[in-house]
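In what comes next, subunit A is part of two complexes: it sits with subunit B in the first one and with subunit C in the second one.
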Partner chain A sequence: MSNSKLYKGSLNTIILKLLNEHDKMYGYEITQKVKALTKGELKITEGALYPALHKLEAEGLLDVEVAKVDNRLRKYYKLTETGTKETVNKLEELAEYIKTMQALVNPKLV
Partner chain B sequence: MKLTESQIQDLYAFTRQHFVEHYDLQTELVDHLANDIEKQWQVQPKLTFEDAKNKAFKKFGIFGFMDAIEQKGKAMNKRYMRYMWTELKKWFELPQIITTIALFLLFYIAFSTVYIAPLALFFFGIITVWCTYKGIQLNKQFRRRKEVSNKKWMLEELIFKQAGSTMFVFMSQLFNVYKIPDNYGDNTYFLVLFSLAFTIIALVNYISLEVIPSKAEKLLNETYPEFSL
Partner chain C sequence: MMNLTKENIQFIDTYLEQSDVKHIDIRMEMVDHVASEIENRIDAGDTRDFYYVFKDYMLEHKSFLLENNNRFLRQTTKKLSNQLLKSFFSIKSITLLAVFTAIIYFGFNNYDSELMKNVLLISMIFLIIAPAICYFFALKKFNYNRFSGIERLGFFFSFLLQFINIVNITGANFIKNQNHLLITSIVMALVFTFILVFIRLSVLTFKDYKYRYNNLC
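Let's turn to the complex of A and B:
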C-alpha cells in the first residue's frame, strides 16, 4: 500500500472481504476494486498484493481457478470454507480495532 | 486495444528476466502486467508497448517481483510439508502401522546388542545409498520432464529436486552416530528414542523420495488448475 503504512496490517482482511462479496476475483481486479471503492484513497501495491494472496492460499483460506481469457491464462481466487469463516473473524477483529483506536484518538465520540 | 500473442510471450520473457523462473508465477504476473497495459492504452492509446510495460512493472516497487517470488516459495514449501505430513500420518494408521512397528522393532533389537555403533552405521549407510540413488533418479526424471514441457513448476521442482534434502540433515549427523559408545545400548530410553529416530528418518525419506514423486501428477493437477490446460 503506497499511501499509508496504517493500512498494511489490514491487507488480508481487505482481500478476504472483497472475495466474500464477489464469487471469484483475479489480482489486478482486486487492486482496481479497492481503488474504485476508496475513490483512489487506498492503492494496494502489486508488490504487496501477490505475496498476501499466496500466503492466504497456503493457509488454505483461498482456492484457485484458472481460465483462458483473451489470449492468456488468468488465475482467479475464491474463498474456501475455512476462508469464509476466517473472514468473519478478521472483520470482527478489525471492527474492534477501529473502536479502540477511536476511543484513543477521539474519546468524546465513544 | 488488446495485447497480441507475441506481446504476451514478450511479457513471459520479461518475467524470466526479472528472476521469475516458475511458470505458475510467471502466468499470474503476465496477466497482471497485460491488464495494466491494456488499461493504460484505454487512456493513452499512443503509448508504446515497451513504455506501458515499464510503467506497469514500476508499480511493483523497487524490489520488483522479489516479494512475490519469496512468498510464493514459502507458500509452496508449506504445501509440500502438508503433503509430507499427511503421508507420514498414514504410517501410524492401519494397515501401514504394522510396517512402522516392524521397522521400529528391527532397529530396537539391532541396537540392543553390543554392536550398536557398527549397526547404526550400517543402517545409516543403507539409507544414504538408497537416498542418493533415488535422488539422482528423480533429478534425471525432472530433466526429462523439462525437455518435454519446457515449463518449470515450483511444486514440481520441490517434489523432484528437493526431495532428498531431508537426507542431508540426516547425513550431517553421521559424526554423532560414529561417536556412540557401546554401553549406550543398555539405556532403554536412549534405545527407544534412537530406534524411533531411525524409523522416522527411514519413513520420511521413503515418503519424500518414493511416495510423493509417484503422486506427482495428481498433486500438480490439484495445485495448478492450469497444469493440464
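Let's turn to the complex of A and C:
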C-alpha cells in the first residue's frame, strides 16, 4: 500500500465501505476496485488485505460464501447485519477524523 | 478475459500445498488471488507461458502469502479461544457446573467412592471420544480436506486430555479424604462442563464449515 502509515488505519473502513456498496466481493476484486477508484494511488497488498478481511470475519462483521468460478473456488465476503451497522459508525469516525485533520492542516478551508 | 485452465489451477494449488499451506479454507483464497493476478497480467499483454508469469509472481509475493497463512491460523485460534471462553463463562455453563457439582457431591456422599470414581472415569472417556468421532465424520464429509478451524479444535482437545490426565493422576489419593469431597466434586464438574462446552463448540464449528464450504462436500 502506498503511504502505508497514513492508510493503514483506514483499511477496515475502506473494506467495509466497498462491501456496503456491493452485495459481495472477493479479495482480488477489492484490491482492483481500490486501485481503480484511486487511479492507482492506493494499492492494497495481499499481505494487508487478507489479514484485515479475516479479522473482520472473526469479529462477526463479515460473512463468507464460497462459489465455484472459472475452474476454481472463490471466497466472497459480504457484510453481516452487525457489519452494516459498524460501517456507518466507521464512516462517521473517518469523516470526523478528516474534518479534524483538515482543521489542523488547512484551517482556512474549514 | 483470459481464464486459466484446470491444470494451471491445480498447479498453483499443489505448489501452495507443498509450500505448507495445508488448510484448504486458506489455500483456496490464495489460489484464487494468484490465478486472478496471473490472468490480469496475461490480459494486460504478458505473452509468456503461464509457468513464467506464475514464477515471477511467486518470486515477488510468496513471503506475503506464507505470512498470510500463519496470520490466518493465529486468527482462527484466537476466534475459537474467544468462543470457548465465552461459552464456558455463560450462565448456561455456570448452571451446568452447579448441577454437576451437586450430582457428583451427592454421589460421593451416598455411594462407594471407588464406584463413583469409575463411573466418572467411564463417563469422561465416553465424552472425550465423542469429538474424535465428530472429527472422523467431518473429515469424511469434507472429502478429507483439512480445514484450519476444525484442526485447531485439536489444540483444545489436547489441552482437555492433559487436564483430565492431571486430574486423574493427582486426584487418586486426594479423593479418598472425606474432607476433600467438595473440592473433588467441583474439579470433576469443571471437567465435565468443559467437555460439554468443547463438544458444543466442535459441533457448531463443523456446522459452520459445512454451511460455508458446501461446495467441497
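Here is the rule we use: the second predicted complex is superposed on the first by the 107 of 110 C-alpha atoms of A that agree within 3 Å, B and C clash if a C-alpha of one lies under 4 Å from a C-alpha of the other, contacts with A are read in each partner's own complex, and residues count from 1 in each chain.
Just so we're on the same page, contacts are C-beta pairs under 8 Å (C-beta built on N, C-alpha and C of every residue); 3 or more make two chains touch, one makes a residue touch a chain.
Here the structure is a predicted model, which means the values were calculated and not measured.
If you put the two complexes together on subunit A, you find that subunit B and subunit C bump into each other. When the two structures are aligned on the shared chain, A:K55 is found in touch with subunit B and with subunit C. Contacts of A:E46 after superposition: both subunit B and subunit C are touched. When the two structures are aligned on the shared chain, A:E65 is found in touch with subunit B and with subunit C. In the overlay built on the shared chain, the residue A:L94 is in contact with neither subunit B nor subunit C. Once chain A of one complex is fitted onto chain A of the other, the partner contacts of A:G27 extend to both subunit B and subunit C. Contact with both subunit B and subunit C is seen for A:K75 once the two complexes are overlaid on the shared chain.
On subunit A, the surface touched by subunit B in one complex and the surface touched by subunit C in the other have residues 26-29, 32, 45-47, 50-51, 54-55, 58, 64-66, 68, 70-75 in common. Residues 26-29, 32, 45-48, 50-52, 54-55, 57-59, 64-66, 68-75 of subunit A are the ones that touch subunit B when the two sit in their complex.
Remark: subunit B residues 2-5, 8, 27-32, 34-36, 39, 59-61, 63-64, 67-68, 70-72, 74-76, 78-79, 224-226, 229 touch subunit A in the complex. Contact residues on subunit C toward subunit A in their complex (touch as defined above): 3-6, 9, 28-29, 31-33, 35-37, 40, 61, 64-65, 67-68, 71-72, 75-76, 78-79, 212-216. Contact residues of subunit A toward subunit C in the complex are 26-29, 32, 45-47, 50-51, 54-55, 58, 64-68, 70-75.
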